Amino acid sequence: MNTFGTLFRLTSFGESHGAAIGGVVDGMPPGIDIDVDFIQSELARRKPGQSRLTTARKESDQVEFLSGIFEGKSTGTPIGFIVRNENQHSTDYDDLRDVFRPSHADYTYFMKYGIRDHRGGGRSSARETIARVVAGALAKLVLRKIGIRITAWTQQVGNIACERDWTRLDLTLIETNDVRCPAPDAARRMEELIMEVKADGDTIGGVIAGVIEGCPAGLGEPVFGKLHAQLGSAMLSINAVKGFEYGDGFAMTEKRGSEVNDRPSSPPRGESERGLEFCSNHSGGIQGGISNGAPIPFRVAFKPVATLLRPQETVDIHGRAVTINPRGRHDPCVLPRAVPIVEAMAAITILDAWLCAAQIVNCKSSNSKL
Amino acid sequence: MNTFGTLFRLTSFGESHGAAIGGVVDGMPPGIDIDVDFIQSELARRKPGQSRLTTARKESDQVEFLSGIFEGKSTGTPIGFIVRNENQHSTDYDDLRDVFRPSHADYTYFMKYGIRDHRGGGRSSARETIARVVAGALAKLVLRKIGIRITAWTQQVGNIACERDWTRLDLTLIETNDVRCPAPDAARRMEELIMEVKADGDTIGGVIAGVIEGCPAGLGEPVFGKLHAQLGSAMLSINAVKGFEYGDGFAMTEKRGSEVNDRPSSPPRGESERGLEFCSNHSGGIQGGISNGAPIPFRVAFKPVATLLRPQETVDIHGRAVTINPRGRHDPCVLPRAVPIVEAMAAITILDAWLCAAQIVNCKSSNSKL
Amino acid sequence: MNTFGTLFRLTSFGESHGAAIGGVVDGMPPGIDIDVDFIQSELARRKPGQSRLTTARKESDQVEFLSGIFEGKSTGTPIGFIVRNENQHSTDYDDLRDVFRPSHADYTYFMKYGIRDHRGGGRSSARETIARVVAGALAKLVLRKIGIRITAWTQQVGNIACERDWTRLDLTLIETNDVRCPAPDAARRMEELIMEVKADGDTIGGVIAGVIEGCPAGLGEPVFGKLHAQLGSAMLSINAVKGFEYGDGFAMTEKRGSEVNDRPSSPPRGESERGLEFCSNHSGGIQGGISNGAPIPFRVAFKPVATLLRPQETVDIHGRAVTINPRGRHDPCVLPRAVPIVEAMAAITILDAWLCAAQIVNCKSSNSKL
Amino acid sequence: MNTFGTLFRLTSFGESHGAAIGGVVDGMPPGIDIDVDFIQSELARRKPGQSRLTTARKESDQVEFLSGIFEGKSTGTPIGFIVRNENQHSTDYDDLRDVFRPSHADYTYFMKYGIRDHRGGGRSSARETIARVVAGALAKLVLRKIGIRITAWTQQVGNIACERDWTRLDLTLIETNDVRCPAPDAARRMEELIMEVKADGDTIGGVIAGVIEGCPAGLGEPVFGKLHAQLGSAMLSINAVKGFEYGDGFAMTEKRGSEVNDRPSSPPRGESERGLEFCSNHSGGIQGGISNGAPIPFRVAFKPVATLLRPQETVDIHGRAVTINPRGRHDPCVLPRAVPIVEAMAAITILDAWLCAAQIVNCKSSNSKL
């Protein structure tokens, strides 16, 4: 369905060429200052037309909050919001009315629903992620108070990658370039590759890396709702994502236990109540599905955008061969704009886990009662 | 929590050294012949002690069904089942009562619950996956009738891998060797590596690959419940899993759209009602989160088992440094026994998606009414 | 939370004095003609100011659909909608900023959230039910095609009641009077009572009765999701509802089994595939939580509105005694306007149960496969 | 489905004539002493054969816990449990194999599932409530520590009722008689009525009343998950229940607002942090769906048992008229044995609401952070 989360929940709606994209955030803790400028700045990071690396389409992407906020603070009731669609060139898509584009959701939506909205991908458009960025920004407002920080960046575009070990990167540099890569040199080469691909009317994939810092120990459910399973589900729900790994991920498959076990370090006397620290973090901050207090690094694989600005052969709804040559305005590489989306889904997931853990924390803290 | 699925749901319970592992399968379609021998044979594939590659621990792992079956057929009511634990050497774990083992869930459970069951990992033990294998076997009984086949195999152990393209493998060879790899030569080398690692008291990671064949187009939810997000969540919930990818996965991050777009092939006259076929399957049988009718290949990364049969330094519950040297009986590599678990989780996920899609199929098929 | 339903789901948001009331309907079957005039006419039945029996407040209550509809038909994607609030006299409530009104949710919201929106009840206002009426109207558009009819009416106001046995009433008369009672004589006396109570600045309770006709056998879950438990939960979630009964309800508590058992009638030869009919319907169309094909009558108890237009003593947020004398514009009796709300919640519940049953229907109908 | 609750969840399974009734309680707070004698004593209150008022069937109803408990305390992991069925006379039901009994679920299960387990009602048997009583007893162990007490009693049998206002009853007398009515005189007449009805081979309905004391203010969700909607859903899910009301319930429908508004009393100086008290409690401790700290009284309507020990006409699966004359061993009145079931469902509901509220409580209490 179109709802994500257990106690902090986003229900999203909207098509790229309908009236609006919107959502409802249920479970927002009450009494939080709603910093609308911050939310708008997060949307700006996702917005089309923000640099030469992205589609030229222009949308103001102004969020309107409809409920759940009173005198600048959250009330605990659901926060409904909408972002009007403005720059819709629906006629750009008239040629595509009966066509199943290669590697798009046209055919699968048609098989599922027996009907389709051909304009710009309809519900399958990445424009849907606006709702996620708004909800993620609300989650970040809460996480900030708890001391949890979430950061994502472009770690790889095509075959150009920066350092994988995030502890060796200067994450303050992420927003200093259009591609959102914290390694300036790699960033420049990524930009060049994207411009080259764009000139070819082609597209290119890549990897977004992220890290969750300040997450307390004890979040996540031990069996089906493992914290990394929730995080993976969140990432895999983003358009164009083909893979997810956390900690050392796929690289651990080649290792021996003696190489990658994370040994707790003996804490200095009198500090044991601060929680354990670990000599290494191959596990990625989660053991048995539950956070251990260490940072949680993860990587998300994005395939290249399916819409090419060059002719492609395909078939139409009647099974006839056709050649398409989309005009439209499309991104040659989604990575730069997907960074805030990855952060948003991580923020939603972690706040939800934190709220779900709150009940047990609460039981334990009222130990005298229980 | 401990429930997985929407309309076909497994709720699991049980600790490795408690009385039993068990579960409840809710939403089993009625009227299905319950082939108990088949279910038991699936458990045998997961059982300890099945070959020299696995732990020497012996468990008969006999499932007892308690409800939901009448005269050999499912009734549609919940199927409760238990598997008694037999070969528990709880005293093997007495030394570990106060110890946080490296890369185990000991510390995180303690931080979450403020209490722990130190015997053999308690709830975090992979013995919990028995419930998944039983539920998966029930799901397979239904999928078999619909024509959906699920197959998994060991594709990599340490740095030894077989062919990644499953269409070039002979999947009938999987069960011909102890490591469950369909390439006999690679299988032999994997076995040698596992025996070598075992001799060192060490452990080794690897990759299990799988493929879902015969899945009709139209399964999966377009936004948060994308079919591959559900599948990824299912896989990431298995003990020791660190990553998931489907289709060309992480390899697609280096590609251009023109290289990996899947073009539908124009169907021969008069066969269009069979659904589209595609000239390639880089997407992995899913577009926009919904199945397109093509096979769904995926890969799952397993880290090496955390329990080593050699001394390791760690700390205890009081923060004191200790050295542990577990006796116990443990697997040097979980891959061979995890193959049926991966299949089980895939089966549960796909049957659930099929049942969720049934309502729309139903609406469409009763078009005259709707 | 603010979501109702399993496969047909309404998520609602909005406060009485915020920007808008709205909702998201997820799970709307695709391909349904969206008759906006019908939806608007349902809202008109709920609207304030429609007769002298209701509050004089004026709202146009115009619904704007934002997604999920394409070329006049549902697409299967979520339908987002909003109704702007217009006639807000928030200053009417300035005196109430720090006051806990008797039998209102002021105090309980404050205790739950530690914050409150004092303007007109905020989220606890019955204005929230607009979202339910829109979702219910969408559900009715589907139910109409399946042949399920839902009808509700005012059966009692204060101590004036009409016939309880719905089969003796002419339900076509419901909309012929302002109180929405199908018995013209009782209707007239109810109206008189409401006008008398209104003149006193007082309010009055009553009962809304309803019946679901054309519901096929087999809907509902046997244990916790019994069809009447879902229906009861739906009704008890409406503001001011204090009780729910179905079939003969509380009257059955005084009866013997031999008086109220519903005996199936032997069907005429050759008609058994039409399903059983019953000689009586004390059970109310549901046995063991599952519909039996007979009509489902039910009754819903409404307490009198808490806001009186006369002075009342209470306390403020500091525990100080205060006397309030609300101006505002309020209903002396909610029953006439609550009739469409009761119908809406019944429609949402039944469509959801029908969709949940579809998967089993589907399994059975594809028996050759299963 | 067969799961009830959000954070404290019972999944139940089992048929009356299968191997066992059982369940899984997920979300039990960790560290609670599991008093098995208390749980067994709750089962004894529900057990058949406990007095001449109930069926003569004998079951030891011994619960076996399989997981989630370590060294006498809950661990926070799911508690699986089973109660073996012992005294099954399945052959008593052979005559009923093809018969649809009047007012039973035989026909509706058959229509839903296309298959039936004819032995003693199968899943629709009230024997399923064993799982609820076990889960309710676990919930009571937690509620006891929080200071929440739940009490239920037989308030009416047929046309014999005791005082409705619970504050005028001596609830310590409930267990002093077989019918579980706190008014000894009414109890005696109820027992006489039940014996008379039993002698006739007939059955009789009644009302169970209950009250929740010590519930803090702030529990419940404001819109769809209103605390009384959850409670009503819980009660309506019990076999044979036809209606639910809370506070003054249906009696409020005849009242004016000025008669039933609950005015908060001005608290004595310096005690305001204890929360408000109210001059009356017509609302039944809940306003706007959220608890206000006052006791929560409610009433549940039970129809007479459908199985009569006298001949009844009905039809069989082929639509042929047949006369049935059940032997079996059945209760003439379920009320005495249903008292602990009502308490159990109330306990499960309130603990779940308390845990759901914990997250907000937690947010508020860590105000310095948030």
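Letters A, B, C and D mark the chains in the order given here, with residues in each chain numbered from 1 onward.
Assume contacts are C-beta pairs under 8 Å (C-beta built on N, C-alpha and C of every residue); 3 or more make two chains touch, one makes a residue touch a chain.
Keep in mind that this is a model prediction, so the values were computed, not measured.
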{"item": "Furthest chain, CA centroid comparison against chain B", "value": "C"}
{"item": "For chain A paired with chain D, centre-to-centre distance based on mean C-alpha positions, whole Å", "value": "44"}
{"item": "Approximate Å spacing (C-alpha centroids) for the pair chain B, chain D", "value": "38"}
{"item": "Distance between the centres, which are taken as Cα means, of chain B and chain A, whole angstrom", "value": "26"}
{"item": "Sequence positions of chain C contacting 2 or more other chains", "value": "1-3, 12, 30-31, 76-77, 112-114, 123, 222, 360, 364"}
{"item": "Contact graph of the chains (line, ring, star, complete, other)", "value": "complete"}
{"item": "Footprint of chain D on chain A - complex, ascending", "value": "7, 29-32, 76-77, 142, 145-147, 222, 355-356, 358-364, 367, 369-370"}
{"item": "Residues of chain B touching chain A in the complex", "value": "1-4, 12, 100, 102-105, 107-109, 111-114, 123-124, 128, 156, 158-159, 197, 200, 202-207, 217-226, 228-230, 232-234, 236-237, 239, 242-250, 252-267, 272, 275-276, 282-284, 286-293, 301-308, 310, 312-315, 318-321, 357, 360, 364"}
{"item": "In the complex, chain A residues that touch chain C", "value": "1-3, 9, 11-15, 18-24, 26-27, 30-31, 64-68, 70, 73, 75-80, 82, 112-117, 122-123"}
